[in-house]
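Below are two complexes that have chain A in common, paired first with chain B and then with chain C.
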Partner chain A sequence: MSITDNTDFADRGAGRSIDWKMPVAIAVLLGLMVVAPFVAYPIFVMKLLCFALFASAFNMLLGYTGLLSFGHATFFGGAAYATAHAAKVWGLEPLTAILFGTICAAAMGAAMGIVAIRRQGIYFAMTTLALSQMAYFLFLRAPFTHAEDGIQNVPRGRLLGMIDLGETMAMYGLVCAVFLVGMAVIWRIVHSPFGQVLKAIRENEARAISLGYRVDRYKLGAFVMSAALTGLAGSTKALVFQIATLNDVAWHMSGEVILMTLLGGVGTVLGPIVGAGVIVAIQNMFATTGFPVSVIMGAIFVICVMLFRKGIVGTLGQYLRQTRRDPGAKE
Partner chain B sequence: MTAHDRTLQQPVAARAALSARGLSKRFGDFQAIDDVTLEVAEGTIHALIGPNGAGKSTLFGLLTKFIPPTSGTITLGGTDITRFKPEEVVRQGMVRSFQISAVFPHLSLRDNVRVALQHKHGLDRQFWLPERRLNALNGEVDALLDKVGLSDLAGRLASEVSYGRKRALELATTLALDPQVMLLDEPMAGMASADIGTIADLIRRSGEGRTIIMVEHNLDVVEDLCDRVTVLARGAVLAEGSFDEIRASQEVRESYMGAGHD
Partner chain C sequence: MMTVFGIALPVLAGQLLIGLFNGAFYALLSLGLAIIFGLLRIINFAHGALYMLGAFVAFLLGEWLGLPFWLLLVVAPLVVAAFAAVIERGLLTHLQGLDPLYGLLLTFGVALIVEGLAQYQFGVAGQNFSAPAALSGASNLGFMIMPHYRAFVIVVSLIVCLATWALIERTKLGALLRAATENRPLVEAFGVNVPLLLTATYAFGAFLAAFAGVMAAPVFQVSPLMGSNIVIVVFAVVVIGGMGSIGGAIVSGFLLGLAEGLTKVIYPEASNIVVFVIMAIVLFFRPSGLFGKTV
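Up next is the complex of A and B:
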């Protein structure tokens, strides 16, 4: 009946076992972020961080509210356009441009959410898909997006008028900061009184209503927050690559973020980060070989659904919990 | 909005916690509920019985506004709630449970009850506060879990406990809202006989000062618990009275007691 049916493949308990490992995970993550630009190509790491934030923002909706949105590309790519336009045409300071993109994404999220939230389950997903297709054509036709060309040569500018983001490591520092702030915000929302109500709605919407909750308001709130954080990721990506294109608003992008989230582990904090890492790495590896990446993506998706439905982090978490519990108590 | 207006617009309804007049529901060609009039006196336990498909759960859905009625009016404690949304009905003091155990499976028992309390304490919209602020509710949560005998399982996930305990948990979350009127849809269905006694006891104790309407197939439980019985058949009221009156009725015997129950 309820939307939770859609996310039965999710392991909602998986996050629990990770909770106490959080400090370790954060330390490892920070360590990796410091080392990464010296080991890998910095642009690649920045791309990875943007997609990790994107997938995490998406997971807030799918994993913690039980809403499957098929329209998140609109917020990702839409924010990229807004930021690119603000930085290039209006010459806004980069942080302000990112903020502008984020606010635009939140506004688009509110518009899409108000319409889509009235529908449940698969109809919600279809409504978001339809609306994002409409948005795609608006972006295609709008004069400021320059259609197939996109907005190119977006200046990274000087952060707060001082730090030149043309310097790769300066840009990398900003991306890291945006990523950490974004993740902290997601963490706070998910583990807040509001987040508890979201989980209750995910688990059993009818029961949440019968406890007196106006579930539509909570869902809309979560939708707008997820859209805004997605926009934060998209805005940052636009500055990293200095370009905003139709690619980021196309439905492929909505599909890709679903794949990242499912592969990493829906409803877990670290899952989307891991999933985004794997997908972006694979894309990069095969980009130069000429081998069709979509074939590999499809294969991964099939394997993921058939063998480890809880995703990499979800399955790992379950395994760790079992090995810890086995020697001790039996129900 | 007259949601909180508790003045007695209808003096007649003052003693009735809940009343429905001429309530009907059509699904296409199917008349699920046909002109049902029901009066539930304050502070009583009222049973709703009838064969499968009689429309008991549909009637619950109508009374709590989960299903919009085709016609008729519903009055709760003197307030006309016919046009209310389901969550407004809850805020007006009438809470339902579901036939299929309605818990939040991947939340702990403690979190299940706590979610029910969050709204009352104004701790349901704060996305900027840490979860540990909710620990302020734990005293109340533990008292409720204790009431239904689940305190030692507070940290377990609801999906991990037995069916009987899920039903007890559901009762605890319903009680968390401190409703004036509780609608319990087959609270004993699928339970072991040992658990039935416990839950019956619980309903009796928690029912003090409240009005309860329950769908129940176990007639021993109905006899034991309920002050008044309404028999529903094919969407209409077949009979209403005390348990003994209902048992004596030839009509009811034929349609229900003789047939389905042993």
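Up next is the complex of A and C:
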């Protein structure tokens, strides 16, 4: 039994029957995005969207390629540093700064990926963790990150020189746009021939090799794309919060994104978004109580692994399918 | 003054000693990880938390009951081993037959809980825990100053590592363990209680981690975060050594400690990352690790 046991559900929703489910889900999501900033704090919603994109990018690797990276914080936080530096020190236009952060994340992904894909499974996880710890120390020492202080007071700037992103709703619009573009790219990658090969590798790597696919190249490609999209999320977050710190490159962050994906449902499209929403909300709830959030996170990890391996969306999907197949099962 | 490669000998020897000292901890921890992985096929992310727990249990028992260091060195790891046995029986055993990544994620969660609670209870600041008087002080070896406690840790760690190696490679019990690693159903068919063997193995790995934690307590401060910092380095050590071999875990633990010490002399800025750099290089040229057999 592999960690990506939701394939059935994910593929069914996508491949054979693009039915009413997809448009409805998109419509609901768009509706929520329009309503959300008027119901909740816009900054909270923006944080949520950034993490949802982060988790979705991570899920592309874990859910569709079967690689568990324990080092994605490097791309998230690294891109945040790059964007913050570009916006503050070089005074780049925000969109260019985000693009710069994304490219930096892709480069870091290539560097880490080349080493890490040489081992599989559990070793891959340990290797990425060790390499991201190395990156953490490098960020700690590099002069431009300002060590413990981080890069503070990052200007949001004017989008394309025209729209002032200091306005919360303007920033919110940009975050929504970035999120939608990111999700569309992920969707496209996962449902392309390239994505099919990734799934083949996940299901049976030896067989994919014997079919003549250069598995290492595909894995590296997936790793770099996932890193770049993670960087996109991290760059955007740096502009939203106007700060880039060591927190974002520490291994806790890598753990958090794993938890979001696991809780929502590995290998499902909506799972990471739901998972990110739940985790960010929980963090917000406990931020003021003084009770350590990491205990809650740890407990959710244990519960997910022990009882709930398909995650929220995966379990829900299974339930829906069962009831459809056998209408009497509801009772 | 004598110099080697333009470095004063006392400085070099001192740093190498510190390297060996750190290596003693790496060796104990990676040994425990390798044993657990060998039988349970689980990467124990909670290893750092167990190490930290060992230090804290020793600290608390010392405060409350005033137990001497020598006793704590055995009692505290036993307490932690009992805790680990509960975790194995209650949680890990239910993950048999699933993807090993679940074991990693579960133990990661356990580590977060244990560390979070310790932080909640004791704060981030370290607690002081002093070494017994018999081991304080240092002697001058002529070319370097040798603190007694460091020498003690290196020697004890070496003895424990070798004893563990002998236990696994040279005794009947060890043969059973290795057999269960190779073919579990067959060993079970012979009437061996394999689930008990698994619990005992996990508890023993935890014992080693906590033992290292108690020995670390007098030197490094006893803090809730002491485990999470070292466990990632130990993961890298394990990747370098290759998980397959008990001997490999011990040797690479000490070697990487030495490499770290040496880096502190030559290029101090890189001493934090040298283990990771070595790991990247080893992976590039020998993906299965220095002592590993399979890719």
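Rule of thumb we're sticking to: the second predicted complex is superposed on the first by the 306 of 331 C-alpha atoms of A that agree within 3 Å, B and C clash if a C-alpha of one lies under 4 Å from a C-alpha of the other, contacts with A are read in each partner's own complex, and residues count from 1 in each chain.
As a convention for this text, a residue touches a chain if its C-beta (ideal position, glycine included) is under 8 Å from a C-beta of that chain, and two chains touch if they have at least 3 such contacts.
Everything numeric here is computed off the predicted structure, so don't read it as measured data.
K.L.:
Is A:122 touching the first partner chain B, the second partner chain C, both, or neither of them?
P.N.:
Only chain C; A:122 stays clear of chain B.
K.L.:
Classify the contacts of A:221 with the two partner chains as first (chain B alone), second (chain C alone), both, or neither.
P.N.:
first
K.L.:
Could you tell me if A:211 is touching chain B, chain C, both of them or neither one (first, second, both, neither)?
P.N.:
first
K.L.:
Touching A:138, do we find chain B (first), chain C (second), both, or neither?
P.N.:
In the superposition, A:138 touches chain C alone.
K.L.:
Using the superposition on chain A described above, determine whether A:255 touches chain B (first), chain C (second), both, or neither.
P.N.:
In the superposition, A:255 touches chain C alone.
K.L.:
Looking at the overlay, does A:292 come into contact with chain B only (first), chain C only (second), both, or neither?
P.N.:
second
K.L.:
Scan A:200 for contacts with chain B and chain C and give back first, second, both or neither.
P.N.:
Only chain B; A:200 stays clear of chain C.
K.L.:
Going by the touch definition up top, name the partner, chain B or chain C, that contacts more of chain A.
P.N.:
Of chain B and chain C, C contacts more residues of chain A.
K.L.:
Looking at the overlay, does A:305 come into contact with chain B only (first), chain C only (second), both, or neither?
P.N.:
Touch partner of A:305: chain C, not chain B.
K.L.:
Return the residues of chain A at which the contacts from chain B and from chain C coincide.
P.N.:
Residues common to the chain A contacts of chain C and of chain B do not exist here, since the sets are disjoint.
K.L.:
Looking at the complex, which residues from chain C come into contact with chain A?
P.N.:
Spelled out, the residues of chain C in touch with chain A are 43, 91, 94-95, 97-102, 104-106, 108-117, 119-120, 228, 232-233, 235-236, 238-239, 243, 269, 272-273, 275-277, 279-280, 283-284, 287, 295.
K.L.:
Give the list of chain B residues in touch with chain A in this complex.
P.N.:
64, 66, 85-87, 90-91, 95-98, 102-107, 111, 114-116, 118-119, 123-131, 133-134, 157, 159-160, 173, 177
K.L.:
Within their complex, state which residues of chain A touch chain B.
P.N.:
12-13, 188-189, 191-197, 199-200, 203-204, 206-215, 221, 225, 331
K.L.:
Report the residues of chain A in contact with chain C in the complex, numbered from low to high.
P.N.:
Touching chain C: residues 1-3, 68, 115-116, 118-123, 125-127, 129-131, 133-134, 137-138, 141, 251, 255, 258, 262, 291-295, 297-302, 304-306, 309 of chain A.
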